[in-house]
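Naming follows writing order (A, B, C and D), and every chain is counted from residue 1.
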Amino acid sequence: MPDLKIKGITIVETFAEAFPMVGTRIIITAPTMEWALISARTMTGFATSVIACGAEAGIERTLSRKETPDGRPGVAVLLFTMDADKLQKQLRNRVGQCVLTSPGSACFAGLEGEKRLKLGAPLRFFGDGWQMSKVLGGKRYWRIPVMGGEFLCEDTTGMTKKAVGGGNLLVLGKSHESVLAACTRAVKAMAELPGVITPFPGGIVRSGSKVGSKYKGQIASTNDAYSPGLKGAVNSALPLDVEAVLEIVIDGLTADAIHTAMHAGIHAIAKGGSRTGVTHISAGNYGGNLGPHHFHLKEIVG
Amino acid sequence: MATVKGEEAELDSALERAADLLGRARFPVIGGLFTDISGAAAALALAEKLGGAVDHAAGTGLSRASRVMRETGATPASFGEVRNRADTVVVIGKGPLERDPDLIAKLFPGKPGLPRPGDNQREVIFLGLDKVRTPRHVRSSSIRGRASLPELVALLAANVRETRFDIRDKALCTKLNRAGERIRKSAFAVFVYDPAEIEEPVMHTVLETVRHLVLTTRAAIMTVAAPGNGDGVNLCSTWTCGLPVRTSFAREVPEHDAWAYETERLLETGEADALVWIDALEGEGTKRPKGAPTVVLSSSPGRASKGDVVIEVASAAGDHDAALYLSPISGIGMVKAGKANKDKPTVADVLTRIAELIDARNA
Amino acid sequence: MSALVFEMKDTPDQRLDLSPLVPERLNGLSRKDIQAIEIGTTRETLTVGDAFKVKGKNAQEIHFDGTDERCDKIGAKLAGGEIFVDGDVGSQLGARMTDGKIEVKGSAGVLAGASMTGGHVAIRRDAGDQAAGPAFGETMGMKGGFLTIGGDTGALLGERMRRGLVVVGGKAGDYAGGRMIAGTLVLRGGAGRYAGYGLRRGSLIFTEKPKDILPTFSDSGVMEFDYLLLLEKWLRGTGMRIKLGGRARRLMGDMAVLGKGEMLILA
Amino acid sequence: MLIQLKGGHVIDPVNKRDAKGDVFIEDGRIVAAPQGREPDEVYDVTGKIVMAGAVDMHSHIAGSNVTLGRQLMPELPYLAAQDGQPISPSPASWGAYATGIRYAEMGYTTVIEPAMIPTHAIEAQVELASIPIIDVAGLAILGNDDYTLELLRDGKGRSDELKDYVAWTLNHSKAIGLKVINAGGSEAFKFNDRTFSLDDEVPDYGVTSRAIVEAMQKAVADLAVPHPPHVHCNNLGIAGNVETAVATIEATQGLPIHFAHIQFYGYGKEGEKGFSSGAATLMDAVNKHKNATVDVGQVMFGQTVTISGDILRQFDGRRAASPKKWAINQGDGNGTGVVPYHYKSKSFVNALQWAIGLEIFLMAEDPWRVLFSTDHPNGALFVRYPEIIHLLMDKDERARWLDDVPEASREFSNLAEISRELTYSEIAVITRGAPAKLMGLNDRGHLGAGAIGDVAVYTEQKNKTKMFAGADYVFKSGELVVRKGKVVRVTYGRCYHVEPGYDPQIKRRVKSFYDSKYGVDPSWFGVSDAITNRRDRFATIPLSR
């Protein structure tokens, strides 16, 4: 069967292998969008991969005044980990250190979810007994006195166990410039979509990895089959004319959300066709033995 | 002696007439209840039979204190404990001394009392009223000002807790500070009030202050007894049906409702269509409200004006020995009649006979 | 299916206990059964049929027409469904209710919404003493839900309230928020004397500066409260447009007790 | 009129009957089978269990302390009914009237109110008199009163004056015996002590708890009052208090003594949570000291309210109040503490308390000395008695309940290993024979000729809860008052008390004491025959010699 091509770009017949994760959404508001974004970015900083960051997090989207519980500008943030306990810990630490501390911020639940995570519940103790609890429409909020005035924080937020991490696209091309441009387009297209984030810098990761290493204690190491500089030395997956490969990793609240995001990503990459220098769109997997979610590029394109 | 519609009548015919009136009533109320324990017990039994309500002329204060008690509890001390052991007594408002002008003399007798905690000189603080004379060995001070009694109670409570507040009246402030400190340093501070004078939130603040103080020292409240053996009647009601006065027996389960079963409201609205008014304590009297057809049991029928049926009864503790609530023992005791008069029936006799007549008719 | 309607015949000569007339108790009953329910409060038997003309069927939506202040305990212990009242009501409207909705076009008597834990009670005109206060046998007042009163209230509004929201359009009586443990009162027409007396935690939100302020409330000055914005938006969601803004003067008290409550007076 | 209860299974351990037979009642008394006379009424009770009317020797049913409980918690019956207890959800359900009716339905004909405050004895007696059907008696509280403490301080602990004072008090309140509650502890609380043990001294008086109990034991023994001092020990309800209880038992020096609701003293402090069953240790001591009797104070799960003169402990216990409210009345003498409490089967501590009570019952070598009680309403409402009898008589029922409690509670008690099942005869001992004998009420608790005509007839069935919840017939003083578990006739019983003699001098002394300290004349709180309108309300029981 011939390779599937879109505008001259080869869609490699493979699949992205993804893992179940647990995830949550919170809403951060502030007097201005600028400050909501500052808080959200800080809270989602250093959250590219669970391997060493504890969590994968990112801004899902900005919210208008109409969309936020307190009528102020806001940002929706997604946070993922491998299990509920870790998610709870990351949420507490990140909201505690980056939202509670951020001028004028307030923090609300953004997900119903099948389970509840504590949001303001542990932070209320910062109030040292002066905190006040308020219940509105069945939801509890904490008002915690701080130097800037008062930090308003919902008691809990929802958690989903149906989240998926590690959806991905690999973009191969004839120049670094062309691949980076294509990935940037893809990340932008995905940013519009609900329920997903691309947690790496600018949504893009250049150091895709394989499992294991020759060095003791190193659990992952460079993905030599996709490192263009090693084409001559290893059993490479790359044609000779491919100069650079970049990856977009996608975490989503549901598998469907990842599916939709990958679809949008592929089409954004393919925009402009092979003339841009992009040659292949592929995906990373581990042979299908590790993750239950397989996103076959062919199905996604179709 | 008895009258029916103002005309003199034999006791038996007055009883018949009362039984007629009450037997027909849709919802009678037995009010006043200035009577002894056996009178109260008979009134409760009759109310149960008639499906009526019971109330006491001092029902407002009794109901308030009952409500605060069942919602948050209470920390009372007996009169004897206060008299012997309190080093600081805070008299709140005018009610306590109006109820008992000799209260201070009774609380601070010259004779040495029982061993008491601490070695403070004893002191009375009058809150919201002028000082009255105290014995020489007892210090006293008065806290008054523009502030109302509820405000003074709140201010004193805040001072006891040493929390922040601002008032402009510096003189008042100084007095409050001093009183607050004195109470904090007391081994046993007691707050005395009349539940008829202060409302539930004010009582609550006093009780909260006590609950705060008892974390580290001894403290209590003492309420002055209601007029007309109100506390005794209320206790009797409570052990009889589990509820204080202002309770209706119209349905299967007795219901207490301080608003709904107040005598005057029941009469004004016409919800009660008959009244039994009981006013039969030696040395005390109460005024009957107007409204429905009335059976009056009074030891001073002259005072009763014209009820439909007026029956003169013996006065409790005057004409017959009586179990009554007695402040000095903070409970029910027995008072011997001054001049036993066996000619007049007691409240219990009359109510029991009316009940029997009603039974006989229903039989 | 048409709503179940109770149309009052004459002014009754006794108070009525209408607590049996809630969806949970009426579901599946025939009209005859319903008419036979006893609602009297004296030894003279009085049934629904004596006092009301009964029409309609759907017990999930109950209408009372032409009621007066002797109609007690409407919607008491309501656990779901809707009750609409065209008329005044007596005491304990919606007392101990856990869910559902009650709307009253007229005024309510004492203890409206007493010890309710959930649901919504809306009284278009006035309410008596102890609205949102403690029902008999309860140690606390309102413990959740939403109570709106269009007109004035009597004394002791929100007494020993533990949770929930009360909005008053008119003036509240003396001791509004007395002995309150927590929860929120929004007072649009001010209050009588001693508002917040014995307040432990909880909020009294005044849209205008009240006339009397207890001396045991301590000024914390004016600042921004995001909570007010949240509340304003939530109220709008229920159809109530009340401008709260974000700025308010905060007085803390009652310092006579725990002192962790507040009055927020809109700036 | 001669009544014959014919063909029942008569269980009367006092008279060693446990077989099919008849019981005859005439003129309010049990009589021997009459020769050559036909009974006027015959009740065929074939196949039914026939016992004497039951005697409850420790149940707080009246008096200012109980009424303080009612004032604090009128909703108790409502909450109890809500969690499935057999009580009607009306505040009146724990009023005086309902108390008599419910007791009678279960086959109880005599109940002892164990905590009459001497200065409030009139209230207690008037209230007791309004309880229908059952006979009653009251115990008067001393030991934290300042008169006693003054005597002990002045070294008059073994004097005739103390003996006279005790005698005067029993006469004055028409009590059947003496109660001592946390001796010295309530008084110490008034001086701000918050703990008090056997050898602690009451401030200002310098008198120990041990000395108070000893003095009272001696006074009561000297007075020949049949019921020994009824003692509520120090440190009630505290983990590790089994040591206090054993020390107190050992301190009794062979003189008769009764320890109330000892389940609340059966606590060890082993295990992670520092709370374990001390039942075995406690029962070793009880089994060994034949001068001591105890009642159990069984706990049952559900809402109740605790009412006690032990204000020191009640003050400490306020933190566990549920619903969250409490009343501490700092009265003359002991005062009263009322704290609502909800025993939960899922609570480690509550489940263990429940198990410890049953262990005590089942480890008793001599049922004549280990009596039935829940310390109503403190451990459980008296309406729960049938369930407890069921648990005692049926090990499978215990196993079912044990399944429902936390694993840890099972581990820290031995209940699961006990297979003993009490017999009808043993039940009759702990609910009839023994309490009547202990009170000196020799005319009841059995079915011998001359005994009072108090008889309860039950239909035997496997489910003892059902069996004992409602008697088929109850006769009170020879009158049929209950049929098929319901009261058919409301009568009023009598109040029994002792009248030990004393030197009249004591009257003057007490009068002078009350006058100077309280401004009170003791006659104000003296119980006279006239306080009720019923003739023959009061009856004296003979002293022991």
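Observations on the structure shown:
FYI, a residue touches a chain if its C-beta (ideal position, glycine included) is under 8 Å from a C-beta of that chain, and two chains touch if they have at least 3 such contacts.
The structure displayed is predicted, hence computed values, not measured ones.
In this structure, the chain pairs B-C and A-C differ in their number of contacting C-beta pairs, and the larger number is found at B-C.
If you average the Cα atoms of chain A and of chain B, the two centres end up 72 Å apart. Separation between the centroids of chain B and chain C, computed from CA atoms only, is 32 Å. Averaging C-alpha coordinates per chain places the centre of chain C 46 Å away from that of chain D. In chain A, no residue reaches two or more other chains under the touch definition.
Looking at chain C, one finds that residues 136-139 touch two or more other chains. For chain B, residues touching at least two other chains, in rising order: 70-72, 256.
According to the touch criterion at the top of this document, the contacting chain pairs are A-C, B-C, B-D, C-D. Considering their complex, residues 37-38, 41, 66, 69-81, 83-85, 106, 109, 111, 113-115, 117, 187-188, 214, 217-218, 220, 235-236, 238-244, 252-254, 256, 321, 323, 326, 328-336, 348 of chain B touch chain D. Every residue of chain C that touches chain D in the complex is listed here, in rising order: 136-139. Within the complex, the chain C residues that touch chain B are 13-15, 40-44, 70, 72, 91, 110-111, 129, 134, 136-140, 156, 159-160, 175, 178-179, 193-194, 197-198, 214-219, 253-257, 259.
For chain D in complex with chain B, the touching residues are 62, 64, 66-67, 70-75, 77, 88-97, 117, 119-120, 122-123, 126-127, 130, 146, 190-192, 203-205, 315, 321, 325-332, 335, 338, 516-520, 523-526, 528, 530-531, 533. Contacts from chain A toward chain C in the complex involve residues 29, 69-72, 104, 106, 129-130, 132-138, 141, 143, 149-150, 152.
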